[in-house]
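You will see chain A twice below: alongside chain B first, and alongside chain C after that.
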Partner chain A sequence: MDVRAQMSMVFHLDKCIGCHTCSVACKNIWTDRAGAEYMWWNNVETKPGTGYPALWEDQLNFKGGWVLDKNRELKLRSQDKSDFLPKMFYNPNQPGLDDYYEPWTYQYENLFDAPRGKDQPTAIPVSQITGEPIDIEAGPNWDDDLSGSPVYAENDPNFKDLTADEKKMLFSVERISMMYLPRICNHCVNPSCVAACPSGALYKRGEDGIVLVNQDKCRGWRACVTACPYKKIYYNWKTGKSEKCILCYPRVETGQAPACFHSCVGRIRYMGVLLYDAQRMVEAMKAPKEGLVESQRSVILDPGDPKVVEKALENGISPGWIESAQKSPVWKFVVEWEMALPLHPEFRTFPMLYYVPPLLPVMGRSESNIYEHDVDGIFTSIDKARLPMKYLAALLSAGNIDPVRDSMKKLLAVRVFQRSLTMGDIEPWKLAKVLRDAGLDESQAREIYKLSALPGPEDRFMIPPIQREETVEKTTCSPDKCKGNCGLGKSENPERGL
Partner chain B sequence: MTLTMVMFKRLSVSDMKRLSVVIFFCAFTGLAPVSWGQEAEAPDKPAEYFFYRCAGCHTIGGGKLTGPDLITAAQWSSADLRPAIKKMEKNVGPLSEPDIAQVIEFLKDLNVSGRIARQKQRIEAKLRAELPPPSFETGQKLFSGQMAFFNGGPACFSCHRFVGGGGSLGPDLTHIKDRASGVVLQSAVENASYRIMRSIYEKHKISKEESLHLSEFLTHPEKAEIRSVPTMRKAEGLALGGFGGFFVLLWVLNQRRKGPARKNLLRKNLER
Partner chain C sequence: MFDLFLFIGLPYVAIASLVVVSFIRYKFRAFSYSSLSTQFLEDRWLAWASLPWHLGIILILLGHLLAFGLPGVWSILVSIPTFLLVVEALGIFSALLCLVSLVILLIRRFVDAKLQAVTSYLDVVVLLILLFQVLTGLAAAIHHRWGAAWAPGALGPYIRSIFLLQPDASFVKDMPPFVKLHIASAWVLIMFFPFTRLVHALSVPLHYFVRSPQKVVWNSSRSQVRFEQKIQFDNEKRLFLKAAFGAGASVALLSLGVLDKFFRYFLKQDLTNAEESHILSQKLQRLKQSADERELELERMNKDSIFVAKLSELSRTRGKYFIDYQMRPALAFSDEQGLPILISAKCTHLGCTVGQELDAQGRILCPCHISYFDIKTGQPSPGSPAKLPLPHLGWALKDEQGNLLMAQDPEGRREGSIDPSQAGKSLLFIGKRFS
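Now for the complex of A and B:
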């Protein structure tokens, strides 16, 4: 057993309202620079939709993530030993400006400086690359709230398992529905970007598993951009280096939640430590597609198990971290309640960001214009959902409907349980049956409700003491020697790009 | 035929100063043409000595080589000549008193041109007897690098141009036969005592035999067929072709490139 700790996340999609506050918070802190205009380390996508960059989920197009080869060994889809060298110079699967969008701004000064004329002056859009006026053809949320659905939503790659009839039903007027999918870097346990980097610039930080790009080492080959199946690494055209979400590590190290977590209006984001067994990780990622959710869960270790704690201490994980892992809301959602699911586990990167599937579009389905809330038919309503279970399964469990349905059942059961408390109109035997079917008891239902609907920041963000100064002391130099340093290593003025 | 040799223009002034006999003689003296078929006569010891020790750098009435033309030496007094010749020891090795006397006698002889011509004939006859007959083909091969020099010197045409082809670093040798031929040309090739050639061929001596072939070749420009090396124009063409080929390759590779995902979606929708 090789115990490692990882800062992991849960996004509760049932609560996401698609306001993009997280994206703006991230943008203002990190990517509001020349060369980074098109980067959205955090973005919120409307599903069904093609996302950002367009069709990022279509790995036949972008060739990200891992695949199993003939010998059932993990292999990068983007490159192998034979072709990585030519692909450093010529990589046909890299996303281009067409897949993102040409960043633009508006000529605001024209509003003040325009010469006197017949018409009101306007602020016309100009490209942030060329400075010329442009026709805006695409943006980071071009398919937001199902806009342009015949072009975007209907071509969502997750529909590939749906029949034509099912698709037609889905997009018929008054049945159409949508959900939001906020995305940041998953800080994967088995990151394909790290494996693909020819310069060794990408690394997964030992103490908290945050995946980072060393800007001193990056040579801008962009192999990571192709290899990341979530397309969460962006190439900065000004610095000539690649950049990605850093999980706001300067904030995390000082006990604050990352900016997108902190600013989330719907309070959908949870953060906490998960302990996992690095030894069994590779085997787990070789599981058949349908079993990936299960095998991924099996690698995550119970922080309450004394054996795990002992091994964790042996590996240098501090008692503070272990205590934090024991209280982690992520552990509860992912393993204890089995409600949160990884996004596209079939990319085999072991993403450490989990999503609780959304219940609302499921529940919203109406039969003869009456919303179905009958307890008897409650679980059948999941299968007749507006947003088909198959679709959510393609998104969150590699096409296996069971984990999604189990999670949905729990969400519904908690809802029924709360109704019984507030309305008192549900017979106890019916409530007991619903809870049993969902695999919950009353205390669990209460706890799920509490952590879903009423959590304060201290419940949502279980951030351990990172004790950076101790790590610095151990690895680089002691503070008395490195007086004047920030404690994050040597400080260098950036040469260009900022 | 004159004894004038092709000289590199860069022969420095200091070279000339080092030699004390500095008198220029402007008129070229014609010498009787030398044919290969004449009988050898009794040996002319001083002429032989002159050819052996001095002719590498000096002519008498043949114009300036590395050293000056010695035609005017006849007008010098013996008292002046003696120290001047003695000074040449640093170039040719020890000169004994009888040697110097012999050279003075030779230089002051009014019939010196005739003696030189006869000596040349004798040497050529001797060479002809000792060595295989000079071959034009072999000369051509040596010149153009198709056959390597025995001692590994570079082929002539890497620097010199002859008729249609060759390099442009050294002088064009097409008309060399008008300025030197026979034993003069041969010895010029063999000794290679020119400022640039000397440094190149010092450690890679051209053999007597090779120099014979070469001088035979160089005296018959009308027969020569030198394959021209790629000229600048051709090199440019190659570079351009390669450059063009690179773009063709890029284009071919680009056919494999994935299309712009979003624009393809738009097009698909318009076609619907």
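Now for the complex of A and C:
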């Protein structure tokens, strides 16, 4: 047993209101500089939709993540050692600027400086690369809130298993629904970007599992951009280096939640330590597609188990971290309650960001203006939901419907339980049946409700003490001083050549 | 003169620049040590330029390297007509590949507005030098055919002379102008190399092919933690081993003693007469000793006074030991008047017996923890471990008939007196009355 610790995350999609505050907080701190304008280390997608960059989930096009080869061994879909040489001088699978968008700003100064004339001066959009006026054709949230419409939603790669009839029904006006999917780097346990980096610049930090790019070692091969199936590594066209979400490690190391977590209006984000067995990781990632959620969970270790604690201490994990792992809300959501699921586990990267599937947009159907709460048929309504379970399963459990249904049953059961408390209109035997069917008891339901609906920052963020505050102070530069720098803990100007 | 500059001065400047600047940039400006890829901004033209360019230039460089690096092997190879033909054809083909891709690369730099945002002057300069280099190479190859055959012989000595630090420009002086231009611009290119995007050629990631798929970096001293834990474990192990060894050894020793008896019992080896008599005589001696001690004790309990010494035997510098009524050691000295000084010799610190030699200051020394005591006052000297004075003892002087001549009690009160002439004959006693 090789116990490692990982800063892990849970996003409670039921609570996400799609306000993009997280994206803006991140942009203001990290990517507000030349070459990084188009990067959204945190972005919020509307699903069903094509996402950002467009169609990132389509690995037949972008060729990211891991696949099992003939001998059922893990292999990078592209950019592994044998694939690197032929693509060394030109990589055909690399996303270009067109897959994202050309960053732009507006000529605001024209509003003040325009000469006196008959018309109101306007601020026309100009490209942030060339400085020339441009016609805006795409943007970071181009399909925001529009995904119900067939124009974008139809192209969602997660629909590829649906029949034409099913699709037609799905996009009929009465059934249109949508949900939000905030995404940051998953800080995977089996990161394909790290495995694909020829320079060895990408690495996983041993202490907390944060995946980072060493800007000095990065030689701009861009293999990681192709290899990351989530397209969460971006190429900085100005510095010629790759950049990615750093989980705000300078904040985490000083005990603060990352900017996107801290600023989350809906309080959907949870952060905590998970302990996992690095030795069993590779074997678990070779599981058949449908069993990936289960095998991924099985690698995560119970922090309350004295044997695990002993091995963790042996591995140099500090008691503070172990204590934090025992209190971690992520552990509760992911393993104890089995409610949170990894995004696209079929990429086999072992993502450490988990999502509680959304209930509200899926179940929010009313009949003659009354919200359906009949307890007898309560679980059948999950299967009749507007957004087919198949879709959520394609998103969160590699097509296996069971984990998603189990999770949603629990969400619904907690809702019924809470209604019985506040309204008292549910008969005890019905409540008991609902809870039993969902696999919960009353105390668990109460705890889930508490952690879902009423958590304060101290409940959501269980950030352990870090032992290297001094190092952080040495390497990082305060953001107001180093705004134009490459922003990755490097206080040097990102200058190239002569 | 100009030739000297181009073919001797320039090469050394170029090589120095290549080595020194590459090193400095790699070491101190690692961030910039790569080529700024523009594939992200412009993808279509690059596909037609980057791949052919790299293929062509690698083939040509390999050819140059073989021809000038292994001239012996090369000359044998090019003596085969087919090989020469293939090499020449491949060379021309590669050069044409390079030429076309360079032109595309140059044009796209000027045509695409987005590329101009990331194009530096040196990028253009590099492309132009490379273009010039390819053109002069091509021209030389076409005007002066079968260069693969003649160039290593004609130019090889020049290149060797540069690297052997015996530069000789005479080999190139009479070369055709295209060849001279090709050589000179090669040196210029090498000089510029470390300042430009070309440095990426020196960062080929060979280690990628041997490293494990995942890379984990520990910032905290994980190895330190493990090391400390190991040391602690080892220490505990060592302590346990030591304790076990000690216990084992003592058990072994004990059992040895028992075994001795054990074996004797079974072997029935009785003591010889000599051994037995030796043991008995030792026992007898010990019994005699304790009988003497008991006798002395008895004497002290019964008698009113005990003889210490003749007054004349006492010395002023070396005390005489005797045992007082409490069976404690004491010392007898004589003072300036010839009268005795009797002082306890049991150190007041931890009870050692004090030495008998008087030092120059009139002190005696307890050897155990170095306490000096003045014999006149009995006080320990400052700094001694002993803090209490040694008590004086009372004494009595008697003549040979047993008449009391003079006595002194422990506080120093005297009674009687003695004629100094008689003093030598008198006998010194301690008495119950004076103790």
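Following the convention adopted for this analysis, the second predicted complex is superposed on the first by the 458 of 498 C-alpha atoms of A that agree within 3 Å, B and C clash if a C-alpha of one lies under 4 Å from a C-alpha of the other, contacts with A are read in each partner's own complex, and residues count from 1 in each chain.
Simple rule for what comes next: a contact is a pair of C-beta atoms (placed from the backbone, for glycine too) under 8 Å apart; a residue touches a chain by one contact, two chains touch by 3 or more.
Remember, it's a predicted structure, so these values are computed and weren't measured experimentally.
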Fit or clash between chain C and chain B when superposed on chain A: clash
Which of chain B and chain C A:92 touches, first, second, both or neither: both
Partner chain in contact with A:203 - chain B first, chain C second, else both or neither: second
A:58 touches, of chain B and chain C: first, second, both or neither? first
Touched partner set for A:81, first chain B, second chain C, both or neither: second
Chain B versus chain C as contact partner of A:151, first or second or both or neither: first
Larger contact residue set on chain A - chain B or chain C: C
Touching partner for A:240 - first (chain B), second (chain C), both, neither: second
Clashing chain C stretch [against chain B; choices 22-30, 76-84, 94-102 or 346-354]: 94-102
Residues of chain A at both interfaces, chain B in one complex, chain C in the other: 90, 92, 96, 98
Residues on chain B engaged by chain A in the complex (per definition of touch): 253-254, 256-258, 260-263, 265-266, 268-269, 272
For the chain C and chain A complex, residues of the former touching the latter: 30-41, 43, 46-47, 50-51, 53-55, 113-114, 116-118, 120, 122, 195-197, 200, 203, 205, 207-209, 211, 213-220, 222, 225-226, 229
Chain C contact footprint on chain A (complex, rising order): 81, 84, 88-92, 94, 96-98, 102, 127, 129-132, 190-191, 194-195, 197-200, 202-207, 215-222, 235, 237-241, 314-316, 467-468, 471, 490, 492, 494-498
Complex contacts: residues of chain A adjacent to chain B: 50, 53-55, 58, 61-62, 90, 92-93, 95-96, 98-99, 138, 142, 150-152, 155
